[in-house]
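Both complexes below contain subunit A, partnered by subunit B and then by subunit C.
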Partner chain A sequence: METSRLTSQRIREYLREGKRFDERALDEFREISIETGISKNAEGSCRVKFGKTEVIVGVKMDVATPYPDSPNKGNLIVNAELLPLSSPRFETGPPKFPAIELGRVIDRVIRESKFIELEKLCIKEGEKVWSVFVDIYSINDDGNLLDAAALGAVIALKNARIPKWDEKEEKVSYGELTKKKLPVKKEIPLSITFYKIGEKFVVDPTKEEEDSADLRITLGSYKGSISSIQKGGEKSLSVNEFYALLDSYKEIWERLFKKIEKFLK
Partner chain B sequence: MKSKSFERIDKRKFDEIRPMKAKVGVVPNADGSALFQFGETVAIAAVYGPKKMHPQHLQNPEKGTLRCNYSMMSFSVAERIRPGPTRRSTEISKIIQWALEPVLLIEKYSNTVIDVHINILQANASTRCAAINAAAMALAHAGIPMKDIVSSVSIGKLDKQLVVDINKYEEDWEDGEGATDIPMSFTGSGEITHIQLDGKISIEELKEAIELGRKAVKKIYEVQKKALKEVINCENGNEQTN
Partner chain C sequence: MNKRKAVIPGEVIKEDENSLPGEWTEKKGNKIIALRYGLAEEVGRLIKVIPLSGPYQPRKGNIVIGQVELITFNGWIIDIRTFENAFLPLSEIPRYINKESMEDILDIGDTVIAKVRNVGKRGVELSLKSRGLGRVEEGIIFKINSNKVPRVIGKEGSMINLIKKNTECDIIVGQNGFIWVKGDSIEKELLAKKAIMFVAEKSHITGLTEEIIKWFEKEENEK
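After this line comes the complex of A and B, so read on.
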């Protein structure tokens, strides 16, 4: 269901007074829940919920040849599917722009933060390295799939274990997971996306809010540094507005981190 | 139904179904949705519709159209499968539609389509049966008029032994006559809406297999019914939580 113009107008009116339909503060995330190990054949998997938004992320691994420009590093492949199951707006067929962009933005959040220690995934330089596939599936889209997917990818990777590599047979023995965890850094990257609605910026929009937004800007960050940015939408924002976001960023990051900290053990 | 000494890898009796789990309302966006699980095989289904069929040339003025879309998540199996449709998933989607259509009362829903999307989250054989069970529940949850529900189970023949609800290990059975896999679906009143077979079986054994299937789906039917009743009671009491 599309969001009506009337609803969008009302959302803007509310925001002008600093209010949201669900009574959250403008910079407040919805309730977050995370469940890991939800798909046993995956090397790592999790389900992340932001309110009614739900994504499932699975990690699979395989041995492949490295890319010529990184002969001693593992490969990372991130893919996102916006399942028709998850919203009446998504259709079957080849991935369209939103799914492609989602996969690519999450790829950069993970890759640019150097969260995965890809150099530890080399089996034989120039010949054999581990490929890490991160597959993201939407289960229910109620806005902000971006940040939910990024968090899901991080948690699934953090929980992933490397399968056994049979050197003699030169193949992966799936099902025989080693005790070795996928080498990831202790500090996690997080993605926070700001949506501009009218003159205000909010985080973690519901679908109605997302529909009412003029633009969005996704900031991936790691250990206090920004490591990836994606601006989306057809409107512009002023430099001062952007600076204001950057100034509020740290606090929002820390509050989000507090919400999810208990799931990271 | 051969020897009693036959032992299954997971210690189940030959006519024992893996632990089942059924839950309705797992996708809040959908008009109806459900999860169905046989042991480590998990399917989720969501129904959207009835809605106007587009493009127009696909519209059927005589009755509503049921459209099923079965797909496995890339990480649901040991070796990653590339996302997107395959020849296998295309066939299974159609099989699921055929399995469900006999119970739907959608003659009056002319020019509309009911979309059923089914995703396999985790696979350990019998995924199409779990898919059909989830889809039937999701259709009922969406309030589509149905004269009955459909329940599905796979019967296997491992060498000469018949077993109910086969898992991956049993599906790959190679001893003796090998594995014969017979997924089948029944309406609550006992009509067959779907049956497939891969392997080798005598007519007598096939009849036995069908009898076993008929008995097994009764238990599945109860699980589906219970899950549906729970959510209806909840909704009446306005206590539904998503």
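After this line comes the complex of A and C, so read on.
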């Protein structure tokens, strides 16, 4: 369901006055709600809502051999699926570019922030390590799936508990969760995506705004430093614009964190 | 009016020899069976189902709003969000057209208000030969569930006229669920959009007109 050109024009006109269709400020996120432990079978799970946008994220764990370049580290595998039920634009079948990109961007946000202490997931160096699978499913797409999914993945990981590893039979006994939590750090990484519409930058766009955007840039940060960047869209970003984004980043980050703080306990 | 009952396809609405099947129902033996998911309504002997979901079914004479998908040598292909694309032939434009520059009249991606001329074997055929039809130049377009369109318009246009009066906007409701709104300011257009969304969301409740009057009063007070 593409947004019509006329509506895009109106969004641009309105943004020039510094206003958005839903009366939010340009750098304001929608209402955020987070629910954890929504899946009985997953080691950690969570549902995140940004206004009408909704994603669920599940974490599963298994024991596998490590990659040759990191024999003493656990594996992290992030996969995203855009379900047809979440938007008329998504079809069944092999994942297309948006789904692959979503998975890769969130993988980078988590991995590069060193949020999971992968070294602690090693059972026997070079032979057995824990694999952490993060699966992201979109339930409803009303724009900004990227930030919602990143937040969901982080919260699900934070709540994940390691299942019991049966050493004798060499298999994981699912359903028996140990008290041990997945080794993650206290601070959480967050991703904030900026969308450029006309001359202005907005965060957390609705679908209509997302369709009208010329470009987007996702900045993943951890403890106040940027750890991953992804740029999308056709237009280019000037150096000065990028510096301006970096200047405003901290303030937006703090406001976003305030919104989700109450869900972290 | 009788109370409406939610039914699913295949559900027996009533077992009665004397009842007659209306829209979206069929009669098998003495049973009236629903064909769509919606609300069953009994008016005298006639039983019909008001669908709550599903795609738009074009009918002759409907006003629809669509986007130009493609320009061909003898007309335009228009996406009106139904089971197939509609065709707008050159001959249905009420003025002279230079065949070399068809994109001056309607370009790909343009939004157009048109009338369904015919629904037949060859698909859906559109026409611009009527007042108020043609390319949309300004305003905002959004979509609602096409099954809610009758409620947004209201009895003899009562609901839409009420919204028009309260928001001072021009509004055209396409039967396919697309709605075009144009006002003097973007604020007014957004108020109209909000009001229409409110109606579409609460379409199942009775006494909706009173509800929307109250809603407008509340919006007014908040300002």
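We take it that the second predicted complex is superposed on the first by the 265 of 265 C-alpha atoms of A that agree within 3 Å, B and C clash if a C-alpha of one lies under 4 Å from a C-alpha of the other, contacts with A are read in each partner's own complex, and residues count from 1 in each chain.
Basically, a contact is a pair of C-beta atoms (placed from the backbone, for glycine too) under 8 Å apart; a residue touches a chain by one contact, two chains touch by 3 or more.
If you're wondering where the values come from, they're calculated on a predicted model, not measured in any experiment.
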When subunit B and subunit C are modelled together on subunit A, clash or fit: clash
Touched partner set for A:Tyr174, first subunit B, second subunit C, both or neither: first
First (subunit B), second (subunit C), both or neither touched by A:Asp147: neither
Partner chain in contact with A:Glu13 - subunit B first, subunit C second, else both or neither: second
Which of subunit B and subunit C A:Ala42 touches, first, second, both or neither: first
First, second, both or neither for A:Ser4, with subunit B first and subunit C second: second
Touching partner for A:Asp27 - first (subunit B), second (subunit C), both, neither: neither
Contacts of A:Pro84 with subunit B and subunit C, given as first, second, both or neither: first
Comparing the two partners subunit B and subunit C, which touches a greater set of residues in subunit A: B
Set of subunit A residues, in rising order, touched by both subunit B and subunit C: none
Residue ranges of subunit B touching subunit A (in the complex, touch as defined): 26-30, 33, 40, 42, 44-46, 48, 51, 69, 71, 73-80, 83-85, 115, 117-119, 121-124, 242
Touching residues on subunit A, where the partner in the complex is subunit B: 38-43, 45, 52, 54, 56, 58-60, 62, 79, 81, 83-88, 92, 94, 133, 135, 137, 139-142, 172, 174-175
Contact footprint of subunit A on subunit C as seen in their complex: 67, 109-111, 136, 138-143, 186, 189-190
Contact footprint of subunit C on subunit A as seen in their complex: 1-2, 4-7, 10, 13-14, 19, 21
